[in-house]
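Notes to accompany the following structure.
In this document, chain identifiers A, B, C and D correspond to the written order of the chains, with residue numbering beginning at 1 in each.
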Amino acid sequence: MIRFTNVSKRYPGGFEALTNISFHMEKGAMAFLTGHSGAGKSTLLKLIALIERCTRGQIFLDGENVSDIHRRRIPYIRRKIGFIFQDHHLLYDRTVYDNVALPLVIAGYRHQDIGRRVRAALDKLGLLSKERMYPITLSGGEQQRVGIARAVVNKPMLLLADEPTGNLDPDLSREIMQLFGLFNEVGVSVLIATHDVELIHSMDYPVLALDHGRLAATAEDYA
Amino acid sequence: MIRFTNVSKRYPGGFEALTNISFHMEKGAMAFLTGHSGAGKSTLLKLIALIERCTRGQIFLDGENVSDIHRRRIPYIRRKIGFIFQDHHLLYDRTVYDNVALPLVIAGYRHQDIGRRVRAALDKLGLLSKERMYPITLSGGEQQRVGIARAVVNKPMLLLADEPTGNLDPDLSREIMQLFGLFNEVGVSVLIATHDVELIHSMDYPVLALDHGRLAATAEDYA
Amino acid sequence: MGKRRNQRVARSRLQDWLPRLQHPRIYLQRHAQVALDSLGRMYRNPLPSLMTAAVIGIALALPSSLYLLLDNLHRMSGSWDGQASLSVFLKEKVPAAQRDALAGRIRAWEEVASLQVITPEQALDEFSTHSGFSTALEALDENPLPAVLVVVPQTAHTGPAAAEALQKKIKLLPEVELAQLDLAWVQRLNAMIEIARRGILLISALLALAVLLVIGNTIRLEIQNRHDEIVVTKLIGATNPFVRRPFLYSGLWYGLLGALLAWLLVSAGFWLLAEPVAALAGLYQSDFTLQTLPLVTLGVLLACGTLLGLLGSWLAVGRHLSAIEPS
Amino acid sequence: MGKRRNQRVARSRLQDWLPRLQHPRIYLQRHAQVALDSLGRMYRNPLPSLMTAAVIGIALALPSSLYLLLDNLHRMSGSWDGQASLSVFLKEKVPAAQRDALAGRIRAWEEVASLQVITPEQALDEFSTHSGFSTALEALDENPLPAVLVVVPQTAHTGPAAAEALQKKIKLLPEVELAQLDLAWVQRLNAMIEIARRGILLISALLALAVLLVIGNTIRLEIQNRHDEIVVTKLIGATNPFVRRPFLYSGLWYGLLGALLAWLLVSAGFWLLAEPVAALAGLYQSDFTLQTLPLVTLGVLLACGTLLGLLGSWLAVGRHLSAIEPS
């Protein structure tokens, strides 16, 4: 699903956030990405979703080399990926329902399909009662769950989650992680960046550990 | 420092986020506020900072009854409080330096004083090297630390922190908590909302636990 | 290798586009929905939307009303065209019959639009009533005035050169004592219309520019305003056309609404001016009235408004949207 | 209890304000800094700022140039005032000496500005050159024309009623055959100026409104744009005046910049019109030239621009800022 070969990322300021990263994550796999604050976790996920472009090396996504892909193709790649952002990135002038429906609207689904799918996703995350509310009136954890619902609503091939439980209490965190596990079981590849060491240890998935932009342990063995 | 007597908060939609809360936190004290996602932690902190107004009961701050205070007085009350927001609330078109300097500019400090104080705060949070960068180019944890620096830069009497370590790795979380402890030792009252149970247990401070908007355990005994 | 890659890219592009080709109805539906959404967004913030539309309306109303005024002036000056005429004084001895025959001949020339015969008696009448010399002239035993033919050239010949050519041609006739060309009025009118034309062109250009700027500016600020939304939609797979569409529709609506307002303003302005214009016309003994607003003006206004709106938002979108990329 | 509370509140209010009272220099410094910041913000986005300023400039330029045109027209019509005169025809038998004595008497009246004597010989000369009847008149043995006094009333008496009173007074003189009042020109001119005045007032009002709308709109969108910033600054203790200030300064700068642009536009417009106006003046044998732009126009423009800018932003800020409260 995801293959990095000698990927480096240097930000315009000159800071090298990732150095010479190589790993391979198979289709249908699930893995964690850890590291200290500023290690480069978000950067790595952004490279996969083509939000940032790598400065060296090659990235393959579902067999396609995306490191020098044309700008116009990017939206279609992104539609295959569900991304849960560290800072939610919700639209604060739309209801929870409209936020979750957005990926389907963008992809051009039909009205009826949209309603069905959105409600199913909201239900899974315990947000059905908040459907008509605006994100600003939700608690931090509820907003995070809206972001998760939006990421999974169009059944992506790949789910990228950046600190999806940063604002959740331990019980809810475990539930959400189990939900990711369920997605994985129906064939979705899942990569989760988190610093919740306890949680990682309690679950039996391979771990990619980043340290100052370098890979300390890889998922290769798991592949 | 903070006294709640029978405080309730009902949001415009009709949802009662806090029900009949009474507690007292002494000047110079430090306490944790916990509870599940949606328990009302953020709401309680917002009531103290007058971001939301309570619908019933009375809130005293530093001896002053603030429950029916005039709108014009609010800014001056807020200047006594350092608030670390769950969603950072940084200004993305200003550098880290300018973000941290903002409370001092608002309070009308002199140019020279501002520079000195901002650098001191950035130094304490290990952000001096990021001084000239824009928040968007920082990692989630770094942004959170900028928010902390901004909250403490004008030496407030009271520090309110909403999930200050949600995006930080365990090591950094502990460091930040110790930093709060240091502030507390020089006389600042500190109230921290967090769901990081492990961290709470590792430190010896009283805990206010919220459950569906009701207080389960209070800091009264500590007062 | 390169070829295989190209093939694969081509295939996946086709896959991306396929839904649109397969479901043209859904595609059109989506367009209609975006158009309605943009309109709804304006409707939900009626005051600011009206403010923008009002500015556009004012900017469109001014050149249209000026143009209409010039148009009316032109029609009015048409009733003055008689002034741009030749006064042909016949020799005193020319008898009435020969005079009328001559009038008939000249009237038939193709460069002549109309011809009016003023007999010596009529001339004396007119002269004494208009000149204030009535008593003086009454003292005369005999009518000293000759017959006059007032010749109005064809419009094509009213240019100074053509009119002068006509004058020369008439002068050569044996019965003619004198052919006087009243060029001054033509020249004055031309000079005035030249000034007005330049002024209106200048004003129109400036105001069209103003409309473009206003719409461009509004759309630009709207884009900045919805910066986060644009970033987020791009992050979850929106294409550039998808992001662009609502802004283009906004511009279109603004232009259209502005044009409608402009029409209302022009109508109101004409209504206000009707009275003094009638007073003026009365002074000129003219039956001139302001032409009621032709419906074609509405059409032209709507077309211009819509086009300027689209163009303005297109420019703003082109400049500012591509700059917004998630990072 | 209530009193004690009030006292405490009063005390703490004083405490809040004290720094400002103690450090007026810091307070002023901060104002200057905000003003410069707003300017810098515009400078860093030169194109959009210029676009807004251009719209304001155009909107301000139009009424000012129209007003200046009317002003010039007024001056020009001043040179036509001679037309609003009385033609006094004397009886035929009045000898030259008596005629001149009468002229001297009338000239001394306070309602008379000037008086010109046209002897019968001059009248015949003028008549034959202007009327085209020269040959006809040459045939006359005797000059049939009376002497004419052209009386120009004092400006205070040019109003139709006053002029008519003067006419009546002159008519009573025994030497006078006829006193003709050329009122038509006065009325025509008045009617024209009335139309122009109404039109310009209407246009000025519309365009002042447009400026207000443009600035209000720009500031409103800027406020929406900086919504997050406003929320954040309020969250960390900013007062309403603190939040308001940069927007007010923005409005002020926009107005000022717009006024400067308007001045440039008006200057350019005058320069463009100078040539056709000169041509027109030539046709009227007038030494009339467009007055060069008076510097006071610049002053008025700058004042109006600044005021409209401040007013527009004030209105926008009042409407939209208070609505933004953190929650």
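Here is the rule we use: a contact is a pair of C-beta atoms (placed from the backbone, for glycine too) under 8 Å apart; a residue touches a chain by one contact, two chains touch by 3 or more.
Remember, it's a predicted structure, so these values are computed and weren't measured experimentally.
Asks: Pretend subunit C isn't there and tell me which chains still hang together through touching.
Replies: Groups after removing subunit C from the contact graph: one piece.
Asks: Which chain maximises the distance between its CA centroid and that of subunit A?
Replies: The chain farthest from subunit A, judged by C-alpha centres, is D.
Asks: Per the definition of touch at the top, where is the C-beta contact count highest among chain pairs?
Replies: Chains joined by the most C-beta contact pairs: C-D.
Asks: Using mean C-alpha positions as chain centres, tell me how far subunit A is from subunit D in Å, no decimals.
Replies: Measuring from centre to centre gives 65 Å for this pair.
Asks: Between subunit C and subunit D, what distance separates the C-alpha centroids? Give it in angstrom.
Replies: 26
Asks: Centroid of subunit B to centroid of subunit D, CA atoms only: how many Å?
Replies: Centre separation, subunit B to subunit D: 59 Å.
Asks: Residue numbers in subunit C touching 2 or more other chains?
Replies: 327
Asks: Can you tell me which residues of subunit B touch two or more of the remaining chains?
Replies: none
Asks: Graph of touching chains, which shape: line, ring, star, complete, other?
Replies: Graph shape, chains as nodes and touching pairs as edges: a ring.
Asks: Return all touching chain pairs.
Replies: Chain-chain contacts present: A-B, A-C, B-D, C-D.
Asks: Within the complex, which stretch of subunit D touches subunit B?
Replies: Those in contact with subunit B are residues 5, 8-9, 12-13, 16, 19-20, 23, 26-27, 30, 228-229, 231-240, 242, 326-327.
Asks: Mind listing the subunit D positions that touch subunit C in their complex?
Replies: Residues 48, 51-52, 54-55, 58-59, 61-62, 87, 89, 92, 132-133, 135-137, 139-140, 144-146, 177-178, 180, 184, 187-188, 191-192, 194-195, 198-199, 202-203, 206-207, 209-210, 213-214, 216-218, 220-222, 224-225, 265, 269, 272-273, 276-277, 279-280, 283-284.
Asks: Taking the complex as given, what residues does subunit A use to touch subunit C?
Replies: My answer: residues 49, 51-52, 64-65, 70, 72-73, 75-76, 78-79, 83, 85, 89-93, 102-103, 106-108, 110, 150.
Asks: List the residues on subunit A that touch subunit B in their complex, please.
Replies: Per the touch definition, subunit A meets subunit B at residues 11, 13, 35-39, 41-42, 86-88, 133, 137, 139-143, 162-163, 166-172, 195, 197-198.
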